[in-house]
Amino acid sequence: MLLDDLIDSAQSDELLDEFAKREIRRAILAAVAIPGYQVPFGSREMPVARGWGSGGLQITLAVVHDDDVVKVIDQGDDDGVNAVNLRRLVTTSTGADQTSIAAEASVIQSRHRIPEDGLDEESILVLQVPVPEPLRGVERDMRELARMHAEADYSRMWVSLYEDKVRNGVITQTTGYPCLVNDRYVVATTPIPRWDIPRLHESPFLTLFGAGREKRIYAIPPRTKVEPLTFEDVPFEVEHADGATCSLCKSNAAFLVSLPNSDVWMCSDTDWCRRTREASA
Amino acid sequence: MGYVSARGGLDAIRAAERLVRRLRLTSESSWLEEDQILEKLRLLVDRVMGEAGLWAPRLAAKALRQSEGDATEAVHLLRAYRSTLPRFAYSESADADDVKVERRIVPAFQRVPGNQLLGRSVDYTARFLERQSDDMAREEAEKLRSEASGTPGDEGGEAHDNTDTTQRSPQRLLEMLREMDLVVDRRRADDPEPFDITRTPARPPAARSALLSSMTRADTGALVNQWYRNILGPDGYLHEVTLGEVRHGALDVVVRHPVTGLPVCVTSVRVTEVEAIEDLEGVDEDRTKFDVGYGLCFGHNERKAIAMANLDIACHRDAGRTQLEQSLLLTTDALDSAGFLEHLKLPHYVTFRSMIERKFAMRKARNRDAS
Amino acid sequence: MTLAALSSRDSTMVFRSLLQAFSSPGERVQMPAHLCDSMSPLALPLLALVDIETTFCIPDDADLEAEVAELTGSKVVAVADANFVLCTTPPPQELVLHVGRGTALQPQLGCRLIVSNESHEDNLTLRLSGPGTRPESQLSVCAAASDFIAARNLAVAHPPSGIDCWLVSSDGVVVGLPRTTHAEQG
Amino acid sequence: MTNDVEYGRYPVARLAVPEWMLKVERLGRVYGPYDDTVIASTGPEIGSSKSAVNGAVVAAWDVSFEVAAGEALGLVGESGSGKTTVLRCLAGDVAPSCGEARLRTTEGDVSMFDLDSSARRRLRIDTLAVVYQDPAEGLKMNISAGGNIAEPLTAAGWRNFGKIRDRASELLTRTEVPINRMDDLVRSFSGGMKQRVQIAKALANSPSVVLFDEPTTGLDASVAAGVLDLIRSLLEEHRIAAIVVSHDFSVIEMLTSRCLVMQHGRVVENALTDQLLEDPHHPYTQRLVAAARA
């Protein structure tokens, strides 16, 4: 590349220079080849703050080209403030189209949710990652964490589940339930609800995890074994509230969120809710 | 009806942006020129460049104006802009001995070859808040300007700019201590490539160059706090340190010309460089010598460079016993720490719903076990 | 066919093919036709992925190696140290066993091998299993590549260290063989 | 030759099988550089393990022995004799400078010192267990007694919560820890009770070798007696190969059938425990026995 085309590429509204994209792509390919392994990468600073989706954004920018159709959601909501800001950055800098309908999207960047439907073999799901290290609750020292993953020594994780079950009667992990990927690496699934966890197992779609602040990329390829860590005789429980249905679309087939101190429930996946309402109208 | 999550929507975000820009650009007072920021808030500009890890005075001034004085926000603007630029070349390695010193302090000795050079520092000025009126200030400025153009160097003593070259690149105290064989030699003969923390994240155990470059662009307050916690706080015990050298000066940046291959000076940067000396008294240390720490950062930021040099020794002597290296590498970056702290403002209602559900599940389990 | 530096868009398109090939090993992924017509498909992965911060080598084609180095700025190094190795014919056993495999602590440092895979009549069919594969996933390689496959299986025998391969045929089809994919004959 | 088949732990051929479960040959550990002259400058004859030549400390040198299944070997000597260094090398906590240690496992003989760190760690899960003098080295204080036993079980692949709890309560009952304290944090236990939890944890995966490092030192007499009694009955009950490190001859007498006396890093005497107490040969042993008898 001659100097001036490098300069030209800098003047465009690219958020990432070409070298950064290549570095991220190489890290993505390594992550897919070693499912569940946290691949370190340079992680550039983005127009969004660290901890606000800079990792997810870098993956999306490295993956998307102008033929793609992008969906961006936060807590399942296309219109969430953070989702709107990120979508604007992605579409302006890549020229890709945008949609709120998961089935139409080729790349879906999401914070804390997997869309209720619409993900298939053509889809790439990009999840934003606040904390990439699943074992941080049981070990602080990074050298020891690296060893535990290198040797697949996860007994301390199991002991913490045992203690949790003994002390509380149930496994109290709320979101981001740790899972064993391909019978090898324990992975932090990002703060998605337990409701979404089963859909990572043998999924038709590829999932890419981007941790910008902690500079890690990891992946779950399609059709890969993903098992929540739980005891054989302690079944994995998803969020459930008896009798709760969405006050808008009347369904209980989606993850619901509620008003404070009330039993008014609503779908977190707003587009799914909208389409359900239109279908039954 | 119904709970509307903080549904920003594109118009809300655009409205917020317009509000921020309008209030920032249409304030009554006159337009804030970049030169004013560069000259009158030069130490803030230096700090922002240091924490961004980028030498770009004009861009740092713009960033500070745009962030309305929020240093961390300005650092973010600088680094995010940097991500859009490709890296053209690597500079030749610069020798810190070539720094043309504008200020140089050697606390370890009263007299030292190359003299102490107090230079432009408020260290010994009285901290009286100047409350004279603008007119009086302008008058004084005029008087000083005429005097300065008249007879140079009359501020007296060694505080003036003088061009005596021994003065500008004095021999380091460290060299003298080496000649006295008083210092542990931490220099490496193999001269490895420095670790590039912008391409590979530094993780313990890391090369010393990774630690130094992480501290070079760390948040000033974070480093000062890490040092002071080690002195007084619960973390550990850090010996008081003697400073061998505190310097502030200009350093040329040389690059090989892509076509001719000849070295070309592309710019000159100002750096603050500190060498610290610490007494060795550990059971497995060479107690007949001192240990040495090094700190260097862009601009004039002595507070940061001194903390760096101290923490460089502390990390070396800790030798992995505690997690000091991990906390220096991982927790001192302004953007990482502030960004993650403030990300708590983002919506978390999916998580919170899941947390509430587990509370009810626990109660159910407890009632079940109780009955 | 002389090579040319890929545009940002073309680099992304080639990357997407390589990503699809790793995501579902065994699937025959067609790289962008307009690129495969204008230059040797075998070189596309390197042109899309390498730059001044990577190392590579093409042991059996020095001219191609020099051309890729010129176009991408990537450094040429010995086989054992290369991040990427391109083989214009199925590589011999000792080359495959000689490339870097990374370590348990840093498996991502394992080498990426791009291997030409011309299909002939006497093909070898391999059954594939592991992440991303389907029950019926399989891979056909020319008989001459059986050494390569045997050596590859040895190189990935101690996960997580290992090597990751793409097999590229002259029509621009790429098939992925990441280290976590098991390839058995017959 | 006893036949271990019914024990079900080791499908042992009916042929004569070498007695040892653990075989140690010329084990040595030196802190600092060493050569023959440095080694020769230390030991019982010199009266120190610190070399006058270069200050290196020859903590243990040329230590060899065998331990059979169902046998307990004592390592006795004053502090600084090298007995704990030997134990720590076998445990994997300290890297030996030289020597070899072979362990009989279901997959055949294993040379422990040649294994990489993860293989050594797997050995510590189900084949070789250690009971430390300080319970904090063997247990996690902020975890329940049951949880501490769950660690080796889950590490060995146990994934059923009910079964883990049953096994933990079975072990705690056997080591006489009150079952109603099973879910209390170990931090809140007495010294003696902590040792009993540590012993229960060590037995979790039916190891073939257990190393005891001064197991009752620091406990008051009555508590110590109870723990020793427990260890003795467990050794008899399970065909474990045990090594007991102690400075206290009464512990050695109670638990071991044979023992090595160590001084300044060297083995000065190797004999059946009761013969050693009746008729000590080496002057150092004689002094130790005399002191113990007083």
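We just call them A, B, C and D in the order they show up, numbering each chain from 1.
Methods note: a residue touches a chain if its C-beta (ideal position, glycine included) is under 8 Å from a C-beta of that chain, and two chains touch if they have at least 3 such contacts.
Everything numeric here is computed off the predicted structure, so don't read it as measured data.
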Nearest chain to the global Cα centroid? A
Take the average of all CA coordinates in chain A, do the same for chain D, and state the distance between these two points in whole angstrom. 48
Chain B and chain C have mean C-alpha positions lying a whole-number Å distance apart equal to 44
Between chain C and chain D, what distance separates the C-alpha centroids? Give it in angstrom. 52
Please list all residues of chain D that touch 2 or more other chains. 118
Per-residue multi-chain contacts in chain C, two or more chains: 52-53, 104
I need the residues of chain B touching at least two other chains; which ones are they? 87, 199
Pairwise touch network: line, ring, star, complete, or other: star
Taking the top-of-page definition of touch, could you list the pairs of chains it picks out? A-B, A-C, A-D
Mind pulling up the chain A residues that touch chain C in the complex? 1, 9, 14, 18-19, 21-23, 25-35, 37, 39-40, 62-66, 121, 146-147, 150-151, 182, 184-185, 206, 221-225
Contacting residues of chain A [partner chain B, same complex]: 1, 3, 6, 9-10, 14-20, 23, 40-47, 49-52, 54, 74-77, 79-82, 84-85, 88, 111-113, 130, 140-143, 146, 168-170, 172-175, 191-194, 213-216, 237, 239-241, 247-248, 255-259, 264, 266, 268
Chain D - residues contacting chain A, complex: 117-118, 121, 140, 143-144, 146-148, 150-152, 154-155, 159-162, 164-165, 183
Complex contacts: residues of chain B adjacent to chain A: 2-3, 5-10, 12-13, 76, 79-80, 82-88, 198-201, 203-205, 258, 320, 323, 326, 330, 335-336, 338-343, 346-351, 353-355, 357-358, 360-362, 365-366, 368-369
Residue set of chain A touching chain D in the complex reads 147, 150-151, 153, 155-156, 158-159, 162-163, 165-167, 231-234
